[in-house]
Structure formats: C-alpha cells, structure tokens
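The following pair of complexes shares a single chain, subunit A, combined with subunit B in the former and subunit C in the latter.
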Partner chain A sequence: MAKAKLDRSAFMLPAGHHLHSVQRIALIVGIVAAGLTAFGAMSNPVQFFRSYLVAYLYCLALGLGSLGILLLHHVVGGRWGSILRKFLEAGSRTLPMLALAFVPLLFGMHELYEWSHADAVAHDPVIAHKSLYLNSTFFTVRAAVYFLVWITLATLASRWSAAQEEGGGPAVNKRLEFLGRGGTILYAGTMTFAAIDWVMSIDVHWFSHIYGLIFVAGQVLTAMAFMVVVASSFAGRAPFERIMCADRFHDLGKLMLAFIMVWAYFALSQYLIIWSGNLPEETPWYISRLSGGWEHFGSALIIFHFVLPFVVLLSRDVKRNPRSLALVACALLVFRYMDLYWLVVPSFSPGVFTLHWLDFSAMAALGGLWIALFVQQIKGHTLLPLGDPMLAPELAEGAES
Partner chain B sequence: MSENSNEQPIYGLLAEFSSAGELVTATRAARKAGFTKIDAYSPLPLEELFEALGLHKSRLPLIVLIGGIVGACAGYGLAYWTSVIDYPINVGGRPFHSWPAFIPITFETTVLFAAFSAVLGMLALNGLPQLYHPVFNVSRFAVASKDRFFLLIEAVDPEFDYDKTWSFLTKLEPRVISDVEH
Partner chain C sequence: MDKHSAPGPQEPNAMIGPGHSFNSVTDKISSIVLREGAPRGWWIGFGIGFVLTNMMLVSLIYLFARGTGIWGVNIPVGWGFAIINFVWWIGIGHAGTLISAILLLLRQEWRTSINRFAEAMTLFAVACAGIFPVIHTGRPWLAYWLFPYPNTMGLWPNFRSPLIWDVFAVSTYASVSLLFWYVGLIPDMATLRDRTVKIIPKRIYGVLSLGWRGSVRHWHRYETAYLLLAGLSTPLVVSVHTIVSFDFAVSITPGWHATIFPPYFVAGAVFAGFAMVLTIAIPLRRVYELQDFVTAQHLDYMARVMLATGLIVGYGYLTEAFMAWYSANPYETFMMSNRMTGPYAPVYWLLITCNILSIQALWFEKVRATPIGLFIVAMFVNVGMWLERFIIVATSLHRDFLPSSWAMYAGTVWDWSLFIGTLGFFVSLLFLFIRFLPMISIFEMKTMVPEAEVREDLL
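Let's look at the complex of A and B:
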C-alpha cells in the first residue's frame, strides 16, 4: 500500500480552539489564587498545609493518572487509547513540575505528620516501632525515588512516541510495549508506597493494605475523566472527527464506567473488611469519617461517585455522545475532589466536619497552574499519534480523501 | 439467467459479494430502497453492518437491565430473609439487618441474573437454536462462513417483486444472485 504523506500541521492544536482561552483563564485564576493562598499560608500555616496536600494530591492524580493510563495502553493496545495518547503524554510531562510542587509539603512535614515529632516517637511505642520507616530523611529520599521513577517513565514514553512518529518502525513499537509492561507494575507499586507515606501515615496508628490501590483507581479515574473532556473538544472537528468518532467515545465511556466500578470495589472492600473485623485499631479511621457531619459526605460519595454515574453511564446514547459524556466526566472531576477530601481531611479533624477557604484557593491555584501547564504541553505536538500502527488504516483513509 | 418462479413461491433472493465493504454498501442501498425484511451474512463481525441493518435498537439491553435488577433484589432479599426473618443469629452484636455483609451476594446475583438474561434473552430474540433455515438450500451459502458476504431480501417483504428486486440486486453488482427456495 502506497503511504500517503500526512500533513502533520493539520493535527496540531488549531488556532481558534478554545483550549487557548482555557489556558489564559486557568493561568490568571492560578496566579491570583496562588497569591491568596500564599497570604493564607502566612496567617494559618497549619491549615495551608492541609489544604495544599488535598489540592496537590488532586493535581498529582491528573498527571500520574495520565501516566498510568498511558502505560496501560502500551500494554493492552486498543484505539480508545490511541486517541487519548497525545493528551496522556502531555499530562505525564507535567510530572517534573508536580515534583517541584511537592517541595512545600516537605516543609509542612511537621504540621502534617505526627510521626515527625520527636516527643511523639519517644512516648508512643507504635510510632517508635514505625520510626525506622517513618522518619523525615527516609520520607524525603522515598519521595525523590518515586518522582525519579515517574519522570523517567513519562520521559521515555514521550521520547519513544516521538521516535515512532518519525517512522521508528516495529522496534520502537516493541520498546513502548516493554515500557508499558514494566511501567504499570512500577506505577502501582510506587503509588502504593506514596499513598502510605503521604496520606495513610497521617493516621500513624492505622493501616490498610488496599489503601494504595484506592488511590491508583482514583488517579486513573481522575485522569480518564479529564482526558474525556479534552478529547470531546475535538469531536466533530476536521481532521480529528473521523478518528475521535462516536465508537471511540463509546469505548471511553465504557472504560470510565469500569474505573468507577473499580474504585467502588476497592473502597467497599476496605470498608467491608474493617467492618467485619471490627477491631479497635482499624475502626477509628471510619468512625472519624462517619460522624460529626462527615457521614453525609460519605453517603454523598456513594450516590454521586458511584450510583448516579453508574446508572447514567449504562446508557448507550450517553456514552456515544461526546458532549453528554464530557458532562458526566466534569461531574466526576468534582466528585473526585470530594473523595480525596473525605480520605484526607477527617484525619486532621476526626468527627468534626470542616471546610476552609484555603481548601478552595489552594485547589484553584494548583489546578489553574496545572491546566495552563497541560495546555502548554499540548502545543507544538500533534494531537494524534500519527505513527501508531493502530490508527494507520483510518489515517491512510483520511489522507486519500 | 432468471427464471420466473411465480408459480412456486420462493423464500427470497440471495446476492453474493466478495468484500465486506460491498456488502455494507449493498445493505445500506437495500434499506434505502425501502426493503425491511432483509438480512446480511458475513464470516466476521462488522460493526457497520449492524448500523446498516438498523439492528442497534435491540430490546436486549432492557432485558439485561431487568434481569440485573431482579438479581439484585433476589440476592438482597435472600440475605435479608435468611438473616433477619427466618434464622436470625447474633453475630458479634451486629444488627440482624447488616447491609454491608449483604452487598457481596447482592453483587454476585446481579451479575449472575444479568448474564443469564443476556444469554437467554439473546436466544429468545434471535430464535436460536433453529434447526432449519431456507437460506441453506443455496449450496453456495456454505462459503458465508469462509470468505463471502451475502445479502438476503425475503419474499415476504412488502416491497418484494421478483423481477424488480432481481434487477435492483443486479445494479449492486454482486458475484451471483440465487433464488432461495423454501
């Protein structure tokens, strides 16, 4: 088959696309909110670090979840992933900046984690027992290792993808598949430990083995929902409309439904096991999350993070329509924040519901800056992997017509 | 090449194509021409063919949904009836109606009932297993499971007229057109 030459520039971000204005607005919101947050940090550093941690975990989910889906796609293939791949690569390239944004948390270690207090270690035998792992030096070293692994995986994925686009051939395809195989294992492994370090250790006496996986499922769902919104803005636009068609959005909708169910499965598994065991060292985590107003938050999560999107996404028509699917994805992005909030904040405020303006401003600051950075990463790259063998038939068809 | 078989009514006309693309085009053309009693046969699943035949509006999803809901109620009901009404046992001081413990069985029966209704509903709707179908009277039809694509227009179609349908099919340039006898 004669290979028709593809016009690469036709697959770049079009000049009039509203992602340009989204980037401008996100940047302004991010900078203004960052100023506000910095002001809040001066007056109330303890609250700042708590709010910052939740906002940070949310943005990390966007970047790291992108990497996770990207690696998974390199293992299992499928055209659903091909249409998202360039966006996922752009998302995963925000990880170096996310590593930088982690630094404030190192300064907040004392405010956030009880185990970093010398007197707590001295007086609490459980904390003393865990201090071999939970100490500030090792904590910092581990964080550095996680980011090193994630940034390396993201860099290689983008670099080899570019090589594939320049006609790398089967050797590069093989390399990407290999990266996906090792990478998914590394991602799930490192994220399990990162979740233990950064969030679970706030409740230093409490432990749960499925905890890391709840985060992995949440991150993948967050990134998936975000990418559905991004991809939907290209549906019906030449030359993307032939490839980002109803069938692909149908696939993405099915996957989003699957990830919602995975999240619910992990979350319920943890609850069911702790509820069945009913042990004094395990139940406090749920008691502090199911009293003092938090219980309404928890019930809302069951309804809005599982039941409602589950029922809506059963519909074939909703999944095949990019607009309605993007609407569901937008709602999910809000509920993802709620889930993270419910996972993290009750540890600081057990049994007493709390919400501070810094929660909003920290989220707006990091979220705005992240979106601006993400759009920046999209620019200058093609928006579809033109070297992807999976898309070759459709791309060839388009070049002929 | 055509024999008028008005005296002996036939089941339909079968056109043979050599590619999937031709079959999809022909199916779309037949639907556009107003034929409703048509069927297409392909050795491999073709997503476009479902659409060309207008098959996506199936009642199967509804059957599966109902099956799933019945399964959920059955599972939860079973757990509720056994642990609250028929044989209540105090386990660790928990209430008899301990819903978290009922979730796994509810989930399992939902999946089980939904899966059964999918399989049985599919069989009920498509009429399988079917021991006799006239289309097999055409000996060439054996290659439908190998490398040929067939379009059938049934004689019961209100638009069906032997000569007109024959000339309509001829315009689609099939390899062969055959009479399908009862």
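Let's look at the complex of A and C:
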C-alpha cells in the first residue's frame, strides 16, 4: 500500500467543535440526574429498577448497536461504514462501562423478575419448568458471558483498526473481515438470549420466537440514528467535506430507512401471527399493551416509528441533506425510547398507563453519562479510519486541502 | 462490495475475463443463440426434460381423472407434497429477483452476468410452483373462484386467509418478474434482430424488441423504467415468502405457529434460490465456456450469500428448538422431540446435515474456489430445503393434538411422478431459454469491459 503518511492531527476532533460542549453539558446533566435517581432509588426501589431497566436497555442499544453495525460493516464493506467506523468503534468501547452499569440490575432481580422468587417456582409448574434456564445463578453467568463476548469483540475491533492505521497491510484487513463474520453471528446469537433473559422473562409465561431479532433490529436502528447525528456535525467541515459528502448521507439515509422497515417487518410479523393464533398464552402480552392508555402508545409507534419516517426518508433531498437527515434521526431516537418503554413497562403495569419522574431521571442520568463517555472515546482517536483502503483516495485529497 | 479483498494486481477486473472488448462480448453471447443447430449436449438435456415433462402431463391427467385420492394426503396429513413442492419451487425463484432487483439497487456489479438466467429461473420456478396449489384445490377448472369477483353465488374468498393473500402475492410476483425479465431483454433482442440473417427469427426478434434502435432517448427512458421495476420487485422478494410463511404461522398447529417464520422463510427462500442458481451456473459456464463472464469471483460471492442466508436459517432452527422447550407448552415440546427422535427423525437429521453442516464448508476459500465442491454443496442445499418443508408439513400434522388420529404420511408414486415431472418441466424450459434467448445480458456485460469505463479526465 503505497501511500504517504497522513497527518493524524488534521483528523482529530477540532478544538472548537461543539461535541466538547455537548460532553460538558451531558456530564453535568448525567451527574445531577444520577443524584436525583439515587434519591429516588432509596424512596422507591421498585420503580427505580423498572425505570433503570428501560434507560439501561436504551444506552445498551447505543453501545451494542454500534458494535453490531461495525461488525456488519467489516463483513459487507462500503464507504457508508468507513465514514462511521471511528464513531462506531468509540460507541462499542463504552461496553465495559455498560457492563458495570448492568450490576445494579443484578440487585434488582427480585423486583423485576417473578421467576427469581422461590415460592413462584414452587407454585407455578411453568416457572418450575423454566427454572432450569431462568435462575439467578445461570442468569448472572449468562450475563457475564454476553459481556465478555461483546467486550472482546469491541476491543479486538478497535485494536486491529489501530493496527490498520499504523500501516498493518492486508493481513490486518483480513483479520478485521474475519472478526466481522464471526462477530456478527456472535452478536445476533448472544443478543437474542440477552433479550429473552432481561426483558422477555419479565412476562415469564409469554414467549415469542422473533423477540430477539426485534431487539437486534431496534439496537441497530438506535445506533444508526445516533451515528447519523454525530456524523452530520462534521459535514461541510474541512478536512471532512469531501468524505462526509451528500452521497454518503444519501447512503446512510437509505440504510436508516432499511432498518426502519426491518423493525416494522419484525414487529408486524409478531403481531399478526399472535393476533391470528389468538391463544390464551400469547395474546395477554398484547392485551396489556393495547389497553388502558397503552394503545395510544402503540398507535403512536406505528405512525412515528414507521409511517412518518418511512415517507420522509423516501425523499432524496432529505437524505442528501445532513441537517434534515439528522433531524429525522433525532426524532427516531425519541421514538426508539418509546418503543423500548412500550416493550418493557406494560409488563409491570398491564393495561394501566404509567409514567414516573424516575423514568426521566434514570434516562437522563445514564444517557448523559453515556454521551460524555462516548465523546471521551472519540477524543483520543482520529475521526476517520486513516488506514481504510476504501477511503484512501479521498483521505489523500482531504489532507491536501 | 468486499473492500478488504479489493482486486489485487493479478486480477485487475475479476467480473470479466481479460482481453474482452464490446465486440467479443456480443459475439460470444449471441453466437450461442444464433449458431446453426444445437450441440448434442443440449439435445440430451432437453430430451430428458421433455420426457419428464410428459410424465408430469400424464400425472396431471390421471389426477384430473381420478381426483386427489391418488396422492398420499389424508387426514390428519391433509397437506402433503403439493404444499411442500409449492413452497420449494417458489423459494427457488427468490434468488432471481434478489439478484436482479436488490443487487441492482445496491449497485453490486457482480449481478450483471448472472441476472438474466437467474430471472429466467425465477419465472420457470414460479410456473412450476403455481401448478401445485391449483391442482390441490381438487377442481382446478374452478380455480378462478380464488379471485374476488362479484358473482351470482354471492361468494367471496376469505380475506383473512393467507392462502388468498398467496393468490395475490404470487400472481403479482409472477407478472412483475416476467415484466422485469422482458424489459431487460429488449436491447438484447434488438442485437439478435440485427445479427441474425434468417428472415423468420429476424421478424420474431424484431417484434419482441419493440422497435428498439438504441437512441439516447431510448436508453434514458429504459434505464428509468428498469430502475423503477427494480424498486417494485424489491418488496416482492420479501412479501411472497412472508405470506407463504403465514400460510403456516397464522394457524395454531405446534411447529407452524412461530413468530420467527416470516424472516426465517425469506432467508430460506434466498438460500434455496442461490443453491439453484449455482446448480445451473456451474455446468452452464463449463459447457458453453463462459468462465470469462461467470467468473470465479461470481461463484465466490454467490457462495457467500448462500452461507449467510444458510446461517440465518440455522438461527431459525435453533430458535424453534429452544422456544419449543422454553414455551413449556406440552404440544410444542412434544412436536420438537417427535421431530428429533420420532419416526421422521432420520429425515430431520438429514435436513440438518444438508442445510447446516454441509454449508460450513463454504467458510473455506478453497471450497468456494472449486466449482465442483460448490456444486456438491449446492445440491445438498437443494435437497435439504425440500426436506425442510417436508419436515415442517409432515411432522406437525401427523401427530397433532389428538393421539387417536395419529398417522404416518408418505408420497405415493403419483406424488413423486408429479414432483419429478415438474423438475423436467423446469429443465426443458431452461434449455429452451438457453437456445433461443441470450442467457447473459449482452448490453450489461459490455459495461464491464475496460473500454466502457468513464474517464472523467476526458470529459
């Protein structure tokens, strides 16, 4: 690979970029909200764990979804992924902290999961049957395994990417491709079971085959929307203007549209099949989500999580303009939270709509801290993969200007 | 496109062999159609297909004379070979649409040399698939009742039944695929019209090319139309097999009622389709010496798609097995243990061997680079996907909720003769296509030639 050594400093986060102030604000919001949440946790531990679970799953989607897209990119390639790669790597490097943030949930197991109560196991034959899989020890071991897999994948992806930047050559490229292939399978597999463990098992009697895939699609969409927002803040700035150009945002817009359709496809598949079967062991899950106020939530999801973004993203102009695309992505990030809330909370409050101030403060705490951490991860690294063979011509051009 | 294995110096453009020009591409592809007489191999292949087509016709006539009682279906297994073959054939068709539409939208250049015959394969597979549901109605002469039309009987089909959605999905799929294939053929028909010297073929190709002169305006409108058709076909790739999966999943039969079915069926369809494309492409490129057009790189990419979709299918099997246990539903649990250890267990494990174990060979670059090896894996998958549908249909029905009505199911001679007959029908159509139409898109292949590269510094 005959290329002149690029000036790394030109590709670092510029001093005046507003991500710096975003980080400061996020950190302050995060710390203040964390204090509030801690206060709430003392006074109302049950509500705290519920709110914390939703907020946690949302931040996990940002970190783990980044890893998922990163691995997918290493399999299929494409410039859309090359421009996001460094941000995705930064996102996936938050996974060790996310593993740490999972620990409170282990303490909340009794508040969250019926199957963790010995008397429930003793009196309910279905729970007794499942206790082979759903028990506190195995649950903890599995969570440890998931995080081990995810953190290993994220670490390797970042390490080998750095090696590529140092001029690692084809051997490193090959290694990254292998990581992508194996990693995509591992990610989909582990996340499927994580979704069953952490969320589906709240309704311990209920089951759905596609549930894991709905989570995977949701995580990828969340991370994609977030990364579109981040990337849009660099559009039109030297030395990125040639690289983060309208064509790339067009690609990202198409991908976001595709992920929205995948999410809708999975969600519709599950709904239609369960509605049609109309079995007493399956429909309660939907009944508790489509009554007592939750039904408006459900309708809002159809309109704002699918119909509107679908129609808006059909427009070529919206996709090619970083600002308008980022606006759509911001809206999607809000509706991703709504979707998670609708997936989790009705299990605790079937048929009765509920919203607690802790829901907001837990989300602000974890979200604020996550964003601060994410920006921190961006800071020490170049913003573009300088060793990426696919970007080589544009990078050389960008460095000259 | 795969960026890490970007073409090295030894393979400057792996999508087409070295030394080709506009002229040589046209010569090579059109000569297969325009040569005097067909090679002996073509006659043998077509002959076998033709004989089997006749077997299909005999089986159909006997069926119409005697009724569906000549098949193995009975209560409790009321769905047998007819639905298995329908799903198998319709799944095979999906690769053609995926290659022609989705890969076009994704700007994947490697679709260029394989799209034409893959689309043809789609059409012929859909034709074979369409036979089964119609004859399974028992009174195929009343098949038009499937369509909702105002009638004096005041009868409407049940719009809540996915079987009726199938009617719309499959007929839309067939017509859009046909249109897409035909539109793609127009410029090439004009080439054949201009090249052939005989008067009758000249007239026929002339009419079919719709007065194509290759003017700039023609090309401009043509490209727009082709892209629009690609956009139209894309949802069809997903919708058809999704609805086929609904045929099973909306019921409450254990083993069918699974929310994973839609994506799992779509992946299975693409998986089976790519296996069939490879099954056809590998002998074809050898016999007609098309290695320059359908290169090792093409086979490699197709193998990768097959591996990826095969792994998704594996994910489906795994979820099915896990959820059967996790559901704690005795019927679900029994269905799965009956599949794995019951009377059809050998078929189940054979299916796992064909669909999951055999494709693991595709992880190795060596296997993907060996046409024979790829062909063998593709054959395994062809068989495996048929067995998968057999397992889904037979094991769920033969032992359902009521043990007193349990029974075994097997196809009769007439089931097999009809199925093998449709294979012959498919093969004969394919041979006719190869003989009379360009099996690789001439005008699209030309865009792969180095001369076609747009030199921006010259503009």
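Going forward, the second predicted complex is superposed on the first by the 396 of 401 C-alpha atoms of A that agree within 3 Å, B and C clash if a C-alpha of one lies under 4 Å from a C-alpha of the other, contacts with A are read in each partner's own complex, and residues count from 1 in each chain.
The definition used in the following text is that contacts are C-beta pairs under 8 Å (C-beta built on N, C-alpha and C of every residue); 3 or more make two chains touch, one makes a residue touch a chain.
On a predicted model such as this, the values are computed, not experimentally measured, just so you know.
The superposition on subunit A brings subunit B into a clash with subunit C.
In the superposition on chain A, A:376 contacts neither subunit B nor subunit C. Of the two partner chains placed by superposition, only subunit C is touched by A:196; subunit B is not. When the two complexes are overlaid, the chain among subunit B and subunit C that reaches more residues of subunit A is C. In the superposed model, A:212 makes contact with subunit C only, not with subunit B. Legend: residue contacts after superposition of the two complexes on their common chain; A:77 is shown touching subunit C, with no touch to subunit B.
Contacts of A:390 after superposition: subunit C is touched, whereas subunit B is not reached. Shared-chain residue A:130: touches subunit C; no touch with subunit B. Once the two complexes are overlaid on the shared chain, A:276 sits against subunit B and subunit C alike.
Looking at the shared chain after the overlay, A:266 reaches subunit C, while subunit B stays out of its contact range.
Contact with subunit C, but none with subunit B, is seen for A:188 once the two complexes are overlaid on the shared chain.
Among the options 113-121, 221-229 or 365-373, the segment of subunit C that ends up inside subunit B in the superposed model is 221-229.
Residue overlap on subunit A between its contacts with subunit B in one complex and with subunit C in the other: 272, 276, 278.
Subunit A contributes residues 247, 268, 271-272, 275-276, 278, 314, 316 to its touches with subunit B in the complex. Residues of subunit B that touch subunit A in their complex: 47, 56, 61, 65, 92, 94, 100-101, 103-104. Across the interface of their complex, subunit A is touched by residues 1-6, 160, 238, 242, 246, 249-252, 257-263, 311, 315, 319-320, 323, 326-329 of subunit C. Contact residues on subunit A toward subunit C in their complex (touch as defined above): 74, 76-78, 82, 125-126, 129-130, 133, 170, 173-174, 176-177, 185, 188-189, 192, 196, 205, 207-213, 265-266, 269-270, 272-274, 276-279, 281, 388-390.
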